[in-house]
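Common to both upcoming complexes is subunit A, partnered first by subunit B, then by subunit C.
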Partner chain A sequence: MTALAAGRGLSEPGRSWALALLYPLAAAIVALFIAYPVVELLAHAAMSDGRVSFAPLARVLSEPYNRQAIYNTLLLGLTVAVLGTILAALYAYAMTRVEMPGKAVWHFLALLPTISPPILMALSLILLYGRRGLVTHELLGLQTTALYGYWGLVVAQVLSYFPFAYLLLLNLFRGLDASLEEAAGTMGAHPGKVLATVSLPLLVPGLAAACVLLFGYSFADLGNPLLLGGDFPVLSSQIYLAIIGQYNIPRGAALAILLLLPAALLFFFQKHLSARTAHASVGGRGALRHPQVRHPAAKAGALVVCGGMSLVIVMQYATVLAGATTRIFGINNTFTLRHFSAVLAGSRNALVDTIGLGVAAAIASAILGVLIAYFVARTRRFGRGMLDFTANLPLAIPGTVIGLGFALAFNHRPLLLTGTAFIIVAAFSMRALPYTIRSGVAALQQIHPSLDEASTNLGATREQTLWRVLLPLLRPAVIAGMIFTFTRSVTTLSAVIFVVSPHWSLVTPTILSQMDRGDLGEAAALSVILVVLVLAVIHGVPRLVGRDWRESA
Partner chain B sequence: MRQLNRRDFTKIVLAGAASALPFAARAQSGGKLTLYMGPPEKTCAAVAQGFEKKSGIKPTFLRLSAGEAINRIRAERNAPQASILYGIGLPSMLTLKSDGLLEPYKSPEAAAIPAKYKDPDGWWTGSDADFIGIASNKKFLQEKGLKAPQSWEDLTKPQYAGQICVGSPATSGTGYTFLTTIIQLMGEQKGWEYLKRFNANVSQYTRSGIGPTQLVGRGEVGVGILFAHDILGSIDKGFPIEMSLPQEGTGYDLFCVVLLKGAPEPVEAKRFIDWSLTPEAVELLAASEYFDVPTNPKAKLHDLVKPYQNAKLIDYDFNWAGSATVRQQLIDRFQNEILAGRK
Partner chain C sequence: MKDSRLDISALDTTAAKTLEIRGLRKTYTMRGGRSVPAVRDFTLSVAPGEFVTLLGPSGCGKTTVLRTLAGLEEPDAGEILLDARAITQLPAHRRRIGLVFQNYALFPHMTVSENVAYSMRIRSAPADATRTEVAAALKAVGLEALGTRLPSQLSGGQQQRVALARALVMKPDLLLFDEPLSNLDAKLRVQVRGELKRLQKQLGTTTIYVTHDQDEAMSLSDRIAVMNAGRVEQVGTPEEIYARPASLFVADFVGQVNALPGRVTGYADGRATIDVLGHRVTLRADRNPPPDVLVLVRPEAVRLSGAGDGAIIAVVEELDYRGDRIEYRIRIGDTMLVAIEAALGRRGRVAPGDRVGVELAEDALHLLPAKMEMPA
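Presenting the complex of A and B:
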């Protein structure tokens, strides 16, 4: 009895000094690498001559070209949101409610775009539909620049980002309480009426959330607007051009703020919607299996949607592969591996650096994510709400804005990180942190606190409990977080374009510059290597995880 | 499925940390030189290799466009990462100089270079020069029964509607040189009027200055406005391209080598500047298919370049074009008056 009492005494929060030290440390890291760069960016945008001033913002807004960019950004985002949501809803509906063959294949193909850099879409679209594209020029004999601009961007972004909306809606469709529909059916409503009066109203918040999600992705995309933008300027590419073309940092920062504000608003709106979606499906999960529609017309329709969309996606990847293995795609289709050898000779450093830094980021993000998840879910420390909020901010901040904030914040003493590997690892891991935290929190919530208590009662300190009891149980979540961080890191362009340096080159900016030079073959070869690498990590790091990491995204 | 235990996890973390160590060590210097370079990758590699062979110093370079280079060097003001900026046009170098980001160095090798190609105080030294030319796809000319454009005015003719490509002045050095050439040649008012008429024929303003080479080479557009080295490079590769020069006179740029302020490897950097101005070094440019005119009169001219050595050049005002305010004004006006109207 006395021993037990002593043990409890040891485990009082005040005595667990390691965690007591780690808490402020984690908070400091989050403040330094998430809050501070945003503040620095705001300072650059809203200060002139050392005083707070809205002059840079006003000047940016007064220019017709920038106003056009703002309008275009909204127009593009809206189109992508609506089109993408419709497609994703149809796809998800077909997958959950219609009996059809090949579901595993459709699911795999629909998710393929989530693991490739978005510029891959631009690359294959140029190869297929560009001025010298296989379809437009060789098959149809057209010489058109129609791809470059609004429509090209719509297609590229819908293809790149619809899978995220699909996943969101897939979970929603699965989670809807089947008994409600069944009850309506039993009371005599025909299926159409059930859909209109029961299912759809339940789905509205989810559909809205998918729209907002897609809107946010479209907003943040940099690669596609740079490559396919043509005469269609959008905000993210204007930020890049203000900085790279005009050397004008205050203007770039002001434009970044214009991009950040709506993105942040959208994020909180989406969070609000997701909370409502959660209510809609409470109690429904797994309660009843949804009846599968077997009507031939519905099956055919579902196959057309899933098959058609999958075909388009397969075409994209096949084109990139073809572009990588032919001398000049569409002009000289002789098989060759020279693009691969050129890439392995010329861009080996970029590949090695990208992998090394991606792994480092995965480790950093996993450690920090687990710690913060623990503090948020298991402790009542002062300011943990604030910590949770700040650590989740990167979800709301477009990559270009994070990258620019990093470049501005860490180029002077005492935080001189420009040109180091550290700044890249930090940018990578901070962007992925919300996901690792979220999967950590979700996992912790499934572990009953009585386990902690049992461990504590047996005399373990809180550190020991975390290390010996919780961590082994959290393993799947930790690994999922690491895989996510790695994938996200090696495929991002927007977050790193301002922080790469001669000693640390990365794959995505290399692909961009290869495309600029017109070396489409090398760009395609490097993209293929990157996609294969990520696929190997996702499927090769064996299925230690019970679920796909993307489903938590 | 094997359970991964705590010890395994520790091992993974340690292994990850250990694998990161060699990366961390790589950033240090010692008989090394870090350069930012503007020419195409292949030329950068040839120059870097040539220097390594000659000096034994290990160079690391990053290829950047003029804008990327300036932005980066400004951002690194407090911790310069590179010692040398090489092969970027003079206007950008003047921008850096006015920002106080350069260090003067009068190389003994610069003595051989004519005065107009170097700064008297050694802030910058031009290693090679190049002018703006007009590249026409031969098949396009044949099909349309046209002669290659002989003047800036020719480019506004209806035959070229939708057939012209040039780098955007907002993002490419080529585009900016084109824009400033037109304004200097025709004056403020007439120049902008010309640009509007010219714009009506433009298919696309590409993001990088070299972008139109491929487009013209493959016949995606008929005519491109490019630096001559890019045009000659494509001709050398066998693309069906013809180069012509505008009879009103054309603008040019002087590609310089500069020592960056606070260079981490000053000794190696000076050795590089000395070497980069020698005939042996500038001849590497043409050897790697980058056909510029060397400023060093002792260097041999490549056969492809010879016919153009007496090209009619305007007296390009670098101080005007290189001023940050002028650049900002011109690009703003270009975006708001020319680009904003395009659909």
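Presenting the complex of A and C:
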């Protein structure tokens, strides 16, 4: 990091030996912890008795149950993609184009699921609508398992993942050049015609990108299928059962490949679509003056969409909070803190380990991310395109697949890491790496190279320029990357389920096993602690470290 | 568009319209409830086929007036009449007013032809008529060969012409331009400006043009409305605006000006006698001016001669060579003046510190009451 920003001279070989060493080091880390596990996974899935063979894949595909799981995965993904995109589009439209009160609140609530573990949705749905759920069992007196299966998964995943599509569409709606719509209006197109001939054609690639994004999230989700899947097997839960339940590694690896291929295809398709939306938005003046719809019916509709959706989200969190503070939620509603004390007694190690490893991962990911961002954005080194591509692969690989790859790759010499804290930190930081790189590249693009030159011209040495100019300017990006890595690490389940060990336990797998045991109260209490912790980090850390220079512009 | 005589028969407009804007007012409410008046009591009459420019600094409300005409902003008060028909309440898409945007606003997902054909497609015009008129419009702007390109494949100047063709094809009752040349480089700007003027004269469409560039306004307009802080300061021909500005703001905005305090000592037969710079001048004045006045004199009306030749003696403080002209800063007593002389063909050389004679071209002097002095 020290030499990272040591001026633009690093494209001149020999002048900055530290960077000359750091580049191959960064490349080696990326190759070892991203490329190698995927290769290892492929080897397990496509090797039999030391030879290349598609027998494991063929065997997996020949089982009707697995074919059912593939079909289910696609069906679930498609449903979540379509419903989630419609919901996200309505939400984003209401937020950007309709005049209504409470926008800050609706925005905050819509984003809450993005920083919570996805299993939280499953937990609250079980508390409300499960076999002994408050609504189904206690209020309606039903003895039903209707929640478990397709519809339960659809609800849980739409609630968990539509916010990601909402964020994507929000930026798109905001960025769309208003003068295009105005121009259509002056040429005689009434508002409906403007929507049909100008706005929608420009938004289609973005809507498709949102769809594909949601499809990918649904694909990769493990927690909800495990808890709510019931008789509706999907690929991710089948991988888990193959590895943890049957200890059948070739089978698990083959299933993981079946999950990886479409997920990777979807990712690259989404990237392609997102690039196509770029031409629709210009930002700047044109983007600022979208007329706000003031029609009472539109306002009411917008409030119903945003308020209703927010209410549902609030209800999930309220349910978990209630579950954490009552003796037996729905049956004995006496207030108690005993779940919290039980959690703090029994799962303290998981909490401490999660925080410690999360912080370690945040530091590692931020340093590596900014370093790679620097090589990619500011140098012309050989192979930097390949480095960028590989380092961004974790976006395309479902967490379950990365986790399994890690478990397989580092379970034998020369790199026996299973059971260590290192493997967990590596899994955490590699998953977040694409985001820290993106944040670093964005920050570097805002820092014009003339700033380095100005500093040098004013008499600063390379080191002074680094310390006084570049690092202070990169600091917000580094901090944002660290916060993101921490948040994502402590809330992920899929990526760590195969690498946790008795020595190093983590919060999300602990919640999963508590729910497995039926300790819903403790699971809820631990979830509450996790959400509060993440919110405190997201809102507290930026306040502690001070203002972002970009905000004051 | 290169050729000044082009075939515009397909673009013939119906009879040009009269535009009447009365008492237009618009106030924006900012975040936090603060309200900012953008346009206050704007009134303007435009004759059929006339080219009128709204000229003013950024934030003076000129673009708001334009957007209100197009129906993109709703005025708080006021009336807009086209040939005596009120259109104030009409939504934008029913006005038939062509607007050329500053950023052109070309649809990025349509080809040049599709962009130009848009208004006809919206009105479900017959396909062959659409083809003919799109071709004519593209020919009029010299882009007949580029119909199949996407806007992103065109240069800035070409995009600007597509935007113009797109507005012409609608045969608008009124043609509006929102700083259409501001994204072009200086040479191209002058060229396109000439083409624009010729095209407008041939089509005879009533036109409102918004700019902050006084050169552009002078060169294009039949009349100019100079705006400041949401109000019209003066409406007049380019010559009136330049030679007889109604306020110091107008005088200053359309060029350099020397404003000299003077005292009126007499008025008879439409001529005022004024003491300025310790000398007496007589000049035309329509009314009896107040005793304290500002005498405005453009730098090019300040003539320098050898010391002793002129009535007034000045000292040259500074000399600024500008290629086609030379600007002198000269001091007369305590008053600084700017004088401009063509760089070529002048008699004798002047250096800083020289004493020179000064003559004010009396027919180029203009009077303003001293009290009206505007904050800069």
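Definition applied: the second predicted complex is superposed on the first by the 506 of 553 C-alpha atoms of A that agree within 3 Å, B and C clash if a C-alpha of one lies under 4 Å from a C-alpha of the other, contacts with A are read in each partner's own complex, and residues count from 1 in each chain.
Here is the rule we go by: contacts are C-beta pairs under 8 Å (C-beta built on N, C-alpha and C of every residue); 3 or more make two chains touch, one makes a residue touch a chain.
Since the structure is predicted, the reported quantities are computational estimates derived from the model, not experimental observations.
Within the superposed three-chain model, A:G77 lies out of touch with both subunit B and subunit C [touch as defined at top]. Contacts of A:P434 after superposition: neither subunit B nor subunit C is touched.
Taking subunit A as the reference, the larger set of touched residues comes from B, when subunit B and subunit C are compared. Judged by the touch definition given at the top, the superposed model places A:V198 against subunit C, while subunit B stays out of reach. Of the two partner chains placed by superposition, A:G216 touches none, neither subunit B nor subunit C. Legend: residue contacts after superposition of the two complexes on their common chain; A:S179 is shown touching subunit C, with no touch to subunit B. Look at A:G403: by the touch rule set out above, it reaches neither subunit B nor subunit C. Interface residues of subunit B, counted against subunit A in their complex, comprise 1, 3-6, 9, 12-13, 16-17, 19-20, 23-24, 26-27, 34-36, 40-41, 60-63, 65, 67-68, 70-72, 74-79, 81-82, 95, 168, 170-172, 203-205, 207-208, 210-211, 213-215, 218-221, 324, 327-328, 331-332, 335-336, 339-340, 342-343.
Within the complex, the subunit A residues that touch subunit B are 63-65, 68, 130-132, 143, 145, 148, 226, 230-231, 233, 241, 243-249, 331, 346, 353, 356-357, 359-360, 362-363, 367, 407-408, 411-413, 416, 418-421, 467-468, 471-472, 475, 478-479, 498, 501-503, 505, 513, 516-518, 542-544. Subunit C contributes residues 70-72, 91-99, 101-103, 105, 107-109, 118-119, 121-123, 152, 166, 170 to its touches with subunit A in the complex.
Note for the complex: subunit A touches subunit C at residues 177, 179-180, 182-191, 193-194, 197-198, 201-202, 279-280, 282, 285-286.
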